[in-house]
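Given below, in the form of structure tokens, are the structures.
Consider the two complexes below, in which chain A is the common component and chain B and chain C are the respective partners.
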Partner chain A sequence: MNALEKLFIRIVQRVNINLRELEFDAKPYVWDLIPKEQMKKFYAFYGISPDHPLNLQFKNSGLAGSYFLGQCRVTNSLLYKTDVRGDELKKKGDRFQYNNLTIPVSKDEEIVIEDSAFVKTLIHNYSHDPETLEKFFIKDTISTHYANIHGSPSDGCFLGPFSTVDLTTMRDCVIGTFSYIQAGEISHLNIDPGTVWVRSPGSFNFLYRYPIDQLNTYIYFKAGIQPQGKFIDFVEDRKEAFQRIFDLVNIDPVPVPDSSSLDRYAVIKPKTEIGENVLISQRAYLQNSTLGKGANAQENCFIINSKLEGNNVTAHGAKIIESDLGKNVFVGFNSFLRGRPECRLKIGRESIIMPHTIIDISKPLTIPAGQLVWGLITDEKDLETNSISINSMSKIDNRLTKGNMFFEGSGKSFVSAFQDRIQHILEANGAFFNCTKKKGHQKGQQKELQKGHAQKNQNMSINTIQPYPRGKLEGLYPTISIKP
Partner chain B sequence: MNALEKLFIRIVQRVNINLRELEFDAKPYVWDLIPKEQMKKFYAFYGISPDHPLNLQFKNSGLAGSYFLGQCRVTNSLLYKTDVRGDELKKKGDRFQYNNLTIPVSKDEEIVIEDSAFVKTLIHNYSHDPETLEKFFIKDTISTHYANIHGSPSDGCFLGPFSTVDLTTMRDCVIGTFSYIQAGEISHLNIDPGTVWVRSPGSFNFLYRYPIDQLNTYIYFKAGIQPQGKFIDFVEDRKEAFQRIFDLVNIDPVPVPDSSSLDRYAVIKPKTEIGENVLISQRAYLQNSTLGKGANAQENCFIINSKLEGNNVTAHGAKIIESDLGKNVFVGFNSFLRGRPECRLKIGRESIIMPHTIIDISKPLTIPAGQLVWGLITDEKDLETNSISINSMSKIDNRLTKGNMFFEGSGKSFVSAFQDRIQHILEANGAFFNCTKKKGHQKGQQKELQKGHAQKNQNMSINTIQPYPRGKLEGLYPTISIKP
Partner chain C sequence: MVPISEYATVPEGATLIEAYLALEKAQEEYDRSKYRHRAILVLDKNNRVIGKVGQLDVLRALETKNEKFETFEDLNKFQFSAPFIMSLREQCLMQDEPLTDICKKGAHIKVEDLMRAPTEGEYVEEKTSLNTAIHQLVRGSHMALLVTRNNDIVGILRLTDVFAAIFHTMKECGIDNK
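Now for the complex of A and B:
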């Protein structure tokens, strides 16, 4: 057994110890998921630019195919084709607001990954836990295909495929396949597959559960098998297009406006049009689509034969096929929106497609403007059950049950929480960047220009690193530290 | 002025201060040599394998196109397409023999580069200075195209194009274009172009000077111009072939025997045959040639339309064209051996072509076996003047003058010094590796197999690093540390 296998066994043991109360054994789920032979074949990479913080440290870890940006420390861990973006972390001197408390941040925040293993996982944002402002920790945690760990410190957890934990601190939890959790703080929970849970303690609680049989056709996972279903088929079918961009040192650049950025590890197929202030992240896939001003296409998203009018958020892992989206439409994490050439999906402006929504139609479908949409939708009838106008939602102040969805609390708070966040995402991504500087502007006024990722990620240097190719450390990377 | 230009000015100033007694101003020589615009375009790279020491540290430096292996610290320096191979350094616990003194090495040796600038320079081997066993330092030094700094600590020096300093500690010296210096310890010398000087104090002294007019047609350099002449034309003509290997992440491997290694950044053109125990280093160029068992092709060498029978050393920067070399022929640093299709150059077995030899013929020429050869040779007559049989040389015990060459001291010592060293180079490169393990061999007996670079450099991981692409640090690299 080589050092990489020993390390993997050690990680599995640590996760199992944490999850002993739930009687969960991670080993049969993941033993074949991390392809130990391939861990030595793929290079990892990291970005450098003057607009990003830089502090990367790797120790006794395998990093095959993974991408790093910003500030991140990785120790005793295995990362397979995983993206770690420490570019939205808090800085020393920032002030963190929690209810009526203003807490100063005492040092630059870091993402600290220890004793963990990830497969094709996205790690992004910053720790939203006021208890751990300077350290976005992820330890003793295993995460599987296309999971998102977003602003969520984690200790002793297991995440199923296509699951998302968002702005939530979790300890000793199992997050089921395709579940979305945004719940503040959770511990010792075993979340069923297909759960969509958005909670703000004391304010609101939103809960939806996918019909499990139908979910299984999209994504199914159990011990001893690889994840399978339509989601996996969909990404596997497009895998080859990524091969080319990883094989070349320099790829022919696709022209984008000066105010936009296109990551060198994104796939852009003809005929794609990219507007101003657009961010296209690594591992995004665009084909025959139009992205209007201020739209963004985040990691692992796919936008195919579609038109996005502008200021659209396509969150990590979202897929948009044969669809027309009005301005300011938000599509949340890992959502799967599939229109067909003969029956397109149309979504009116300012609608919110909640994270982990599946819209898969065989007749044309139009979602009106200003609608809140969740769950599984295959036709008009499902849409009626699994959506509500944002206006009506704002008026709920007690509870609401629709189909598999249960809501209690303040609809107004729920809607504002979403809207504020969408506004923040657009800002952070540079959607509102204004490049026409007025004369006489002073340094302090530069901020008005609202530079975001779309502008900061331009012309980034991408560096590659590789593991020991042979010997007892085969597949592991040397100790590497990169600072400004 | 950006940080890179400021750094360059600072380096030039430091070199000039050291060379003030020689009234040497490095600035007009080098200001345009380091292409400041290109410093941000090229990536640098380093090798990782279980068979090499690993300790690389880069700080406030530009590294465009440079390659690193082993142990090396670079601070406040500009390295352009330079190779630093810290893979032959001394280890803690080694014992260094100097005359009748045995000095223990107290810690792992490092190559320490500070406040220096190099263009296409090769840095290799270990400090041969008993005063500085653990630190192969190169500080306040500027080195130009295809110079070699080989086992030679340097403080406050300037090296002209195609010059070599070998096993020599130098302080405050200018080394002229195409000069070769192997002289123990030198200081405050301004060495004329085309000087070949091999000295072992108390034992022998060999001195040859190129006729300057003829040398100038091969390589000419003065303040304010780029180096020019046949050497430059020769390498420029073959530049494009290297482009491709730097543009691809993975190149189609050329098959080599299990006991040989071919660097991923070497150019191999058809129809090249590579025997067993052969080492081909990065930036070597092979075309339509045969390398017999145990031959090696070191950095920046070119072997074209030639046949090398086996155990041949082709040292850093040597060029062999349209030639047939018998077994154990040694071709020293930066030598230029040009036969023609209609008049090949033949060199008999065990001949020693001294470093910085130019053989450029327009009629067939045969050098007999066991000959020692130096200087400029264009025909039979030159060969007679600029060579002697090794046997005869061994019998010299006073002095010898032949053409532009002057020798005094013990010919026997001179010849053994060369022969011992050639033997050592072949050993270090793995020419004598024996892969047939006998049964019952114990661990201690592994050494008999004589693994060298040819075996250790197989399947090395090559990692790339890039500089800041924009901003005030444009062209400079972040602080990077890589350890096991």
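Now for the complex of A and C:
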């Protein structure tokens, strides 16, 4: 047994100890998920730019195919094709607002990964835990294919494929396949696959649960097998295009407007048009599509044969196929929107497609402007059950049930939370750059807008690092500290 | 303790309505206390107790098996409020069949389908002290204990009788007004 395998066993043991109360054994789920052969072949890479802090430290870890940006410390961990984006971390002197408290940040925040294993996972944003403002910790945690750990410190957790934990501190939890959790703080929970839970304590609580039989056709995962289903087939069918860009040192640059950025590790297929202030992140895949001004395609997004009119957020892992999206349409994490060439999906402006929504149609479908959409939708009838106009939702002041969805609390707060966040994402991504003065979305005040990722990422260089190819430390990277 | 001969019992195979009639009869004959029997013991062909049917068991058996109820069961895990969950149940119940129909169907349920086998903590030896019996009642939240003599059940020690005995002792000690 080499050092890499010993490390993997150690990580699994630590996770299992944390999850003993839930009687969860991670080993049969993950033992074959990390390809040990590729761990010693693939390089890791990191970005440097004048607009991002740089403080990376790696110790006793495997990092194959993974990407790092900003401030991050990785110890005793295995990362496979994982993106750790530390470009939204708090800085010394920032002030963090938590309820009625304004808490000063005493030093630059860093992402601290210990005793964890990730497969094709995205780690991004900053710690929203007021108890650990300067440390976005992830320890004793395993996550599987296309999971998102977004602004969510984690201790002793397991995340199934295509799951997302967003702005939530989690301890000793199992997050089921394709579940989305945004609940502030959770512990000792075993979340079933296909659970979409958005809660703000004292304000609102939203829960939708997928019909499991139908979800299984999209993504299915159990101990001893690789994840399978339409999501995996879809990604695998396009895998080759990514292999090419990772294998080549120099690739022909695709021209984009000066105010936009296209990551060197994104795939751009012909007839794609990229407008101003557009952000295309690494591992995004664009084909025969138009992205209007201020749109973005974040990590692991696929946009194919589609048109996005502008200021569209396509959050991490979302897929948009044969669709036409009006301005300001938001598509949440890992959503899967699939029209067909002969029956396109049309989404009216300012609609919110909630995280982990599946729209998969065989007849044309039009979603009206200003609609809130969730869950599984295959036709008009599903749309009627799994959506509501944002205006109507804002008027809910107690409770609402529709199909498999339960809502309790203030609809107005729920809608505002989404809208405010979408506005923040657009700002952070640089959608409003060049609009030096623009009315703020709140209180009508004038607000000066800063450069966002679309502009800051233009001046980025990529460096690579390599693992030991053979010997006792085969597959592990040497201890490395990277600073300006 | 109520001797088992004075308690409501039915043989294995009896229906719920038969069990209720046995309870009614036992209550009429057992008039030493104003407290009513609350359970029926189910006996096998050798007259050994194999189960117990309490009031809650009956109600549980009659409760509508609504599939939607299952989707509400764990809503508290997701921090939904009790009134919210209750309102969902009420909505479902409004669509259920009338109570008279439910009772009509329930009358023919076999007692084996709703009885509970007594657990270890529900047995108490005849010579056990009252203090120990009280401890067992409290720890197990039991409504009654089965009193045994040489592994045979000879009676039932009801919570209500123990409760009455305690207060009787309090009164005798004259501590009720101090």
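One rule holds in what follows: the second predicted complex is superposed on the first by the 468 of 484 C-alpha atoms of A that agree within 3 Å, B and C clash if a C-alpha of one lies under 4 Å from a C-alpha of the other, contacts with A are read in each partner's own complex, and residues count from 1 in each chain.
Heads up, the rule we're going with is that a residue touches a chain if its C-beta (ideal position, glycine included) is under 8 Å from a C-beta of that chain, and two chains touch if they have at least 3 such contacts.
Owing to the predicted nature of the structure, the values given are computational and were not obtained by experimental measurement.
> I'd like to know which partner A:V254 touches here: chain B for first, chain C for second, both or neither.
In the superposition, A:V254 touches no partner, neither chain B nor chain C.
> Name the contact category of A:S481: first (chain B only), second (chain C only), both, or neither.
Touch status of A:S481: first partner only.
> Please indicate which partner A:Y43 is in contact with in the superposed arrangement: first for chain B, second for chain C, both, or neither.
After superposition on chain A, A:Y43 lies in contact with chain B alone.
> When both complexes are superposed, which of chain B and chain C contacts more residues belonging to chain A?
B
> Given the touch rule stated above, what does A:F246 touch, chain B (first), chain C (second), both, or neither?
Touch partner of A:F246: chain B, not chain C.
> Looking at A:K472, would you say it contacts chain B, chain C, both, or neither? Reply first, second, both or neither.
first
> Just checking: does A:I462 make contact with chain B only, chain C only, both, or neither of them? Give me first, second, both or neither.
The first partner, chain B, only.
> Where does A:A3 make contact in the superposed view: on chain B (first), on chain C (second), on both, or on neither?
It touches nothing on chain B or chain C.
> What residues on chain A does chain C touch that chain B touches too?
In chain A, no position sits in both the chain B and chain C interfaces.
> Going by the contact rule set out above, which residues of chain C touch chain A in the complex?
For this pair, the touching residues of chain C are 71, 75, 77-81, 84, 87-88, 91.
> Applying the document's contact rule, which stretches of chain A touch chain C when the two form their complex?
Where chain A meets chain C, its residues are 183, 189, 197, 199, 201, 205, 207, 209, 399, 401, 404, 406, 408.
> Which residues of chain B touch chain A in the complex?
43, 48-51, 54, 246-250, 458-474, 478-484
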